[in-house]
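In what comes next, subunit A is part of two complexes: it sits with subunit B in the first one and with subunit C in the second one.
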Partner chain A sequence: MPNDTSFLKRAFRRHEIQIAAIVVLMAIFFSALSPGFLSVSNLTTLLESYSVMAIMAAGLLVVLISGGIDISFAAIAAVTQYLVATILVQMGGNWLVAFALAVIFGGLLGAVNALLIYYLQALSVIVTISTMTFYFAILMFVTDGESIYDLPDWFTATIAPLGIPFPVAVAAFVLIITAFVLNRLSIGRQIYGLGGNLEGAKRMGCNILGLQCFVYGYSGVTAGIAGLVQAHRVEEVVPNALIGRELDVLAAVVLGGASLQGGIGTVTGAILGIVLLAIVQNGLTLLGVSSYSFGFVTGIIILASVSATAIAAKRQQKRTIGNVA
Partner chain B sequence: MTDGSNSPQQQGNGTPTTAKGEAPFIEMRGISKRFGGVRALQDVNLSIHAAEIHSLAGENGCGKSTLIKVLSGIHMPDEGQVILEGKAHNHLTPDASQRFGVQIIYQDLSLFPNLTVAENISFRHHVETPVRLANRNVMRKQAQAVMDRLKVSLPLDELVGTLPIATRQLVAICRALAADARLVVMDEPTASLSHQEVEGLLAVVHELKRQKIASLFVSHRLDEVMDIAERVTVMRDGRNFGTYPVSELDRRRLGELITGHVFDSSVKPPFSSEAAPALEVRDLSCTGQYTGISFEVRPGEILGLTGRMGSGRTELALSLFGMNPPDSGEIRVNGKSVQFHNNREAIRQGIAYVSEDRLSLGLVMPQTIADNTVISVLNRLTGRLGLIDGARRAQTIEHWIFKELRVKTKTADRPVQQLSGGNQQRVVLAKWLATDPRVLILDSPTVGVDIGAKAGIFQVVDALAARGLAILLISDEADEVLHQSHRILVMRSGKIVGAYDPNRTTENQLREAIYA
Partner chain C sequence: MSPEVATTAPAPAKRSSFSELLARDPTVTLLGAFIVLAVIGFGALAPERFLSGETLRAMAFQMPELGILALAMMIPLMSGGLNLAIIATANLSALVMAAILTRMIGPESPAHVMAGAIALALGTGLVTALVVGLITGVIVAFLGVHPILVTLGTMTAIKGIAVYATSGGVIGGFPPAILFLGNGTLLGFPVPMMIFILCAILIAVIMNHAPFGVSVRMIGSNEKATRYSGVATEWMLVGVYILSSLLCWVAAVVMMARFNSARAGYAESYLLITILAAVLGGIDPNGGFGKVLGLFLSLILLQMISTGFNLLGFSPHLTQAIWGATMILAIGISLVRDKWIARLWLKST
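Here is the complex of A and B:
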């Protein structure tokens, strides 16, 4: 038996270090090829444009750790964004009201997933694909696909507390809160337990429905906030702007080491996953490569990451068998 | 096997009394429970004294698990009472049961593989108040305190998923203790433990007793029941058959009580045959696994191969089945030297292998009995155009499942997972026998099978040997190889360390050879 630190833990730390190393290598590679890459303005833009994705990733990470999956968060973000924008346009308000509304709508739409999953005993992937389709279809039907351009001035005005762009500040806040909930709050530890062994969690007396409502509600809340931040950034609300982002976010979180089987994943890993995708996509753009290649490159990176993990696991297994004999 | 005439002894079936005549610690009285039309429990009594080590024995499906679930408050009995320290509960809730101190350790242990040992032991800390800071120091201290009480040492910061099963079991016991257990119920705790690990577990159970904590062992391994329990309650077909002090029983008697059959515990007569060996192994070695293995098995002979886990027995068996190519040495099947690169070649040469882990390796659980039976012979059932010949498929299934192995089922179209362990094992046998083998390798064929079904399996094995199959029986249960084989080889650290004649060997001698 390995002594002080366990294999899984070490493997995970190794995974994070590997991703970090690849991030650094990629950064060096792209800055060598395109001098504009490391410029302050490029990096600021980069951070800003991926902060929406990072906010959603935080929510999805929590769902993945709990042993579920959420495909509907981008649709929830789109619906919440539209609802909140409509209310703000018609009744006015301020950031506090905007956030409160986003949290409430996002949370409620997310909690619907939890109720369906719990009471129908259905797979989360099926339920959230259904709600994604449903939410998005309703949105398009009701709005006729029309965008909202006349957002209030305070909403689109540039804000930069302490010089940090608003989207980046919000993303940082959400990620820190998520890390705190997952690591330091008992409910976060229960979520890890739920993802590690559902039956065991039931037997320990965990409130499964409550936990799932929290988990999917949390994903909905982060989606709502992400929708708000995205509307602020692009200064308009386009109903289908966020659709299709869910798989990018999922890819980033899985790249960061979260397990689709549940129970495993960290905020640090998710951040690294997003940074890696961001760097590669941005680097390719700067090199003038068509954005159509993003999917191709993203796919390769994820396959490489999954293969590396699988190979490491296989090696470990072989070693263990050798030791026994 | 004849039907035993076992009228239950007086003690136990009437009102249970304790040695001191005071109210028992836990008493279940007249418990009946039906599920739809099925009567799971009928007028069952169980009493456990404070700090007693009690065992609940019985075959699969006799109602043990249901009784435990009544005790834990999961099932509400239709009739009867659970009396905890003299206080009768007609509607015991899971919460009340736990608050009284009943802690159940299920067979799967219900641990969190992705969390540390410390967090697993004190997980209740999280559940009690979900929205508060998780205080790791408090949790670690609690875990440490429990470990000290039990006099065990566990790596608190390891993830549970990386620990061996035996260690996980101790984690589960520690967790029960951390929840202030006064009765620890263990459901088949030793099903996946090696002999040594069982000893370790039993030591912990004695430590529990010293701490005035009672334990209830649910088990069908007679050895353990005899070794550890002070009293045993035997259940049969949803009724309790009686409670007996273990000191008044021996293993054979207990087996008879559980099954209602009298067992033949004689050994097999010596085997002699002029026939050429069906399987011959000469100086077979595989680096790091086993070295210099030589033996032969003749048609009709049952050769026992025993040794503890890690002795190389399973690795050797896999080599004979082509799944673990040896480095040097020779394997001869029917006098012909063979070299297997994969198990398809081994099957073609007439070798069948029934694996240790029937659940994960032997059967496709959700598929039907029929599909499982023909999966290994599909290529022989094809007619013209390479399509499966339905009539021949049906014939194969009829022959093996119903005629030869007599699997207890009305139809072969049921999923295998609905069968009992013993019947599942028969389906595995049928699957391999359909390949028409010359050599049958049985690797721990009775793991997880209860005693009645065990006897049934060995009847089949004997019948196969009588028909001229050479059988290699691998098991780490000394009594099993002793009674079921013609000849016994003992493996230790990858070598054969001795050959034994069952007629001149006692079980203890064999045990010593295995565990020396």
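Here is the complex of A and C:
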């Protein structure tokens, strides 16, 4: 490698740095136009309202890194939310019980995906579309679409450990754990290996079934936790409240640089992806732009981001070929 | 080996005709068998209602929307891609058409104004859909971005345009000529079904016999090899998304005619169902393989399950669950089948 590129230039080739730069520019732009943007109350509300999305994004990120995709997590979140809420209403409990139940149910429902993908040798997108349809339809069938309003008081009470709103604290915890698993644990590195080169990972002696169970189980666990946090925020459980969010979360994670081919992606990137979407939508609201325009703006951001990444990759390829020649 | 082995090699000819069919075209045979089972099952459980002409007519009116959209999903799938924007494209196109129709036509408009407005609306809707397809195709083909990501972007953006322009509202009230396309019958045959069958035949001919269709299937199997054998793969891919959008426009016309209205959020639950129907019909989600006949049979099966359970008084949610389970079952059966065929093949050589 010729060392003629400066440190800054090399840094700017990193996806996270590029996204971070865009985030900073956007933040400056919106705070210049609307003074309310940088206020503490606005930022707190912003963080809180995107925390559920961030928790789900952590799980989806792990699946994407492993080279798969999970469409079923929103359905898993809805099912887990309903199951846990029903148990809590009937038998009581506390947050510890609630989280333990969410982790178990979410993890099991997610692991089913892994078993189907492994034993049926099927594409993850097809399997998770099927399980999503199945889980959600069963939920709607059993509950008849009826909501749960009589959640226990401790469940809906506002909590703020160290002054941090509860959803934000949970999201931060999940993201830190995810980063730790991916970067510091052997299993995390194996997940990158699995996504980068499946055959290579097999020959290295990785337990593919075990890894996939972990990956899809993890996605299920984060979905379950996200379901709980969402129920806590809105103080009710509506069976179809979370459905339709799967593609939003996918968009945020992909904005953060995760590749659908697997092997690439970081927690920092995923966070920045969500922050970018959050800032733009919030900024537009503060500027008085109708919320009906969010979809269009989000779509253009996704298209611009994935196109820019692809163009950069093509250039990089040319440069590498040029260097070799 | 003894020469005796060589003479017994074409042994599969002795098998019963079902397994013979199964080996020749497993997907179509299995789906056919499932459909026969469904007819027998529902026929036994609800004989008067399921085996009636009325039920058949109802099914023939319900199937085309999902069917045309599934065709629109099938073509990108064959090329190894995916089009998540089909529903959004259809809705945007329907809204454009609806806006033109409702603005230009009043109840007392003379015939020539009505005809002109309908032609203008259909044309503008078509152009809208084609532009979306062109943009999607160009980004997929020339920038090399994964089709899931591109169509996720276009889906979000065009649905955004539709929602912004209408504030999420409904535009409705069309002239009888349009309504006829969704609700009318011709010689006792439902018009939307005729439109769907026409589309299916056209797509089957294009995919099997036209150079374009052959190239698309080759791209689905191996894009690089196709390019090196002299096919302009980029333009073929642009064509894939344009053709997909064209079908979205047809679906848009049928949908708005059937509902007598258009809205940004119509038929969203169909998106993943179209993938399910295509894969159940034997379209390889990795690209390269699949038949329109398989897709057609899988749509009939899904519609029968839905109508049959509805007649038996089950909730539509249970039907959806059974669709999901059918999908998993179909993947499982195809896996067992491939292993079985491989073993037969090993035996015969």
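Methods note: the second predicted complex is superposed on the first by the 307 of 325 C-alpha atoms of A that agree within 3 Å, B and C clash if a C-alpha of one lies under 4 Å from a C-alpha of the other, contacts with A are read in each partner's own complex, and residues count from 1 in each chain.
Please note the rule applied: contacts are C-beta pairs under 8 Å (C-beta built on N, C-alpha and C of every residue); 3 or more make two chains touch, one makes a residue touch a chain.
This structure is a prediction, so every number in the text was calculated from the model and none was measured.
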Contacts of A:Thr45 with subunit B and subunit C, given as first, second, both or neither: neither
Comparison of subunit B and subunit C by subunit A residues contacted: C
Partner chain in contact with A:Gly205 - subunit B first, subunit C second, else both or neither: first
First (subunit B), second (subunit C), both or neither touched by A:Ile264: first
Touching partner for A:Thr86 - first (subunit B), second (subunit C), both, neither: neither
Common interface positions of subunit A, toward subunit B and toward subunit C: none
Interfacial residue positions of subunit B with respect to subunit A in the complex: 94-95, 98, 104, 106, 108-115, 119, 123-127, 129-134, 155, 157-159, 161-164, 288-289, 310, 312, 315, 494
Contact set on subunit A toward subunit B in their complex: 1-9, 183-190, 192-193, 195-197, 199-201, 203-207, 210, 263-264, 322, 324-325
Contact footprint of subunit C on subunit A as seen in their complex: 69, 71, 116, 120-123, 125-127, 129-134, 136-138, 140-141, 144, 244, 247, 250-251, 254, 260-261, 290, 292-300, 302-303, 306-307, 309-311, 313-314
In the complex with subunit A, residue positions of subunit C that touch it: 82, 84, 139, 143-146, 148-150, 152-161, 163-164, 167-168, 268, 272-273, 275-276, 279, 285-286, 315, 317-321, 323-325, 327-328, 331-332, 335
